[in-house]
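First comes the structure, then the notes that go with it.
Note that the chains are named A, B, C and D in the order they appear, and that numbering of residues resets to 1 at the start of each chain.
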Amino acid sequence: MRRSVVLHRVPFFETDAMGIVHHANYVRWLELARVAWMDEHDRPYREWVAQGFHFATTRVVVDYRRAVAFDDRVAIATWLDWVAGASLAMAYEIDREGERVATARTEHALVGTDGRPRRLPAPRRAGLEALAASRGRQREARRAKTT
Amino acid sequence: MRRSVVLHRVPFFETDAMGIVHHANYVRWLELARVAWMDEHDRPYREWVAQGFHFATTRVVVDYRRAVAFDDRVAIATWLDWVAGASLAMAYEIDREGERVATARTEHALVGTDGRPRRLPAPRRAGLEALAASRGRQREARRAKTT
Amino acid sequence: MRRSVVLHRVPFFETDAMGIVHHANYVRWLELARVAWMDEHDRPYREWVAQGFHFATTRVVVDYRRAVAFDDRVAIATWLDWVAGASLAMAYEIDREGERVATARTEHALVGTDGRPRRLPAPRRAGLEALAASRGRQREARRAKTT
Amino acid sequence: MRRSVVLHRVPFFETDAMGIVHHANYVRWLELARVAWMDEHDRPYREWVAQGFHFATTRVVVDYRRAVAFDDRVAIATWLDWVAGASLAMAYEIDREGERVATARTEHALVGTDGRPRRLPAPRRAGLEALAASRGRQREARRAKTT
């Protein structure tokens, strides 16, 4: 299981009037981590885009455990959970100085520039499967358990 | 079950380079609907805030079904699913001209201005329970089924 | 001079840890007002986009006079200040219950989907000029004075 | 004149349906640079906040020269232009691989947690003045010329 970790220093503009980071911003952090993961383990996301593909987000789940404040340093870790014919799932752990502040999962469908689903080219899928934490039936069980 | 519906015309700044609304923005739409629900069925959120309370978001689940584009009109419907001693859950349906584009759920914990959990004052809880779609064991079953 | 006015109720997610609306959000409000102005006085912005045009923003000036809080109601008024061969400028006044909270100006260049400048088609330019508050040398003087 | 430079890799969520970074996001970039400047030349902004102060933004001017795309690397440079009794101005240059993509200026007023203006404590003001690019009458001239 190959993980990528992005370090993020919380900017003031991500906070809200509760004095902490607004929860919608975590969804953006997940994207920062996904892009880094593709850089390190697959290929840069800009290359997918240059070839007319996007990974449309079909599901987001975030569990918030601790509030995060301005200027806190968080580490967003991500890995590929599973990959299927035209979709994949990523899992995430967000920590602040060793303390877990949130966990998350996202699911994505490969689409063309017209927004219509595309199947993953076979070699790309094989490459991704070698990186996935879960496979086959395991995947379904995992999905039921973790969401 | 009391629902509130917020109408939202998609601004250009909510779109991304895929040409559609960026998925993180849906999480913000849910907040617009919650605030409207409290106005209509509970009390304005600014009054909770004025009394030193916030509903911290502890969980977000969004299932995306259809892409939404600039200038589309969406309707975000919300209702209270369940309420417990210090927390509650809202459910959401997002439609565009009668077509379902997304569903979502959020969970929230009542906190003070210090960020620490607070129990719902008994009369408020009773008032909210009367508005909830699910109760008691039903609640847990519902949670298992819908997330 | 034809004005358009957009009413906006401040969502919680626009606030920051100072307890007020983060200043970057005002720039988004200006866009809401521009889109409404085009609907009412020119043609819907989605039609420009459908024809392969965008108005790229080349300059933004915002003067902030009063802080704005969660749940405040603001009115963003806008009008066309001037139009030239391939560009135009909009002016804005933002009020809360009759009190001026900010003023702003933006300048825009017409571009194609390739991002390159395009000249305004002559009939469109003539139509816009009839709506502009300033003309010819007046325009330059106004620019010097107001920015 | 002491400058600070922040490097920023453009995330996908900052783009819009024109395929480039939405102009409102540049205003957020300026904040990243200011916070870095205070870290390096004054004191961390979180310390100002911890002492009950904020620098409220009173003016923003951004001139956009080149579009910026997903995954571009930009460098946001900033310096203190002038400081007065209760306010200061920052200037900015944003480059992408040596090409200027935007310039900007912001002005700020020191306020307390109640949002009311505060004068800069004399030693802090003296310290800041030693870092400012412009002084006295120069400041006014500069303001007239550059905005």
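Odds and ends about this structure:
As a working rule, a contact is a pair of C-beta atoms (placed from the backbone, for glycine too) under 8 Å apart; a residue touches a chain by one contact, two chains touch by 3 or more.
If you're wondering where the values come from, they're calculated on a predicted model, not measured in any experiment.
Residue-numbered contact pairs of B-C overlap by over half with those of A-D, the repeat interface among A-C, A-D or C-D. Using the average of C-alpha coordinates as each chain's centre, D ends up farthest from chain B. For the pair chain A and chain B, the distance between C-alpha centroids works out to 23 Å. With centres defined as mean CA coordinates, chain D is found 36 Å away from chain B. Looking at chain C, residues 12-13, 17, 19-20, 24, 28, 31, 49, 70 sit in touch with two or more other chains.
Those residues of chain A that touch chain B in the shared complex are 17-20, 23-25, 27-28, 31, 49, 54, 56-65, 67, 115, 147.
Against chain B, in their complex, chain D makes its touches with residues 12-13, 15-17, 19-20, 22, 24, 69-70. Interface of chain A with chain D (complex): residues 11-13, 28, 31-32, 35, 44-46, 49, 70-71.
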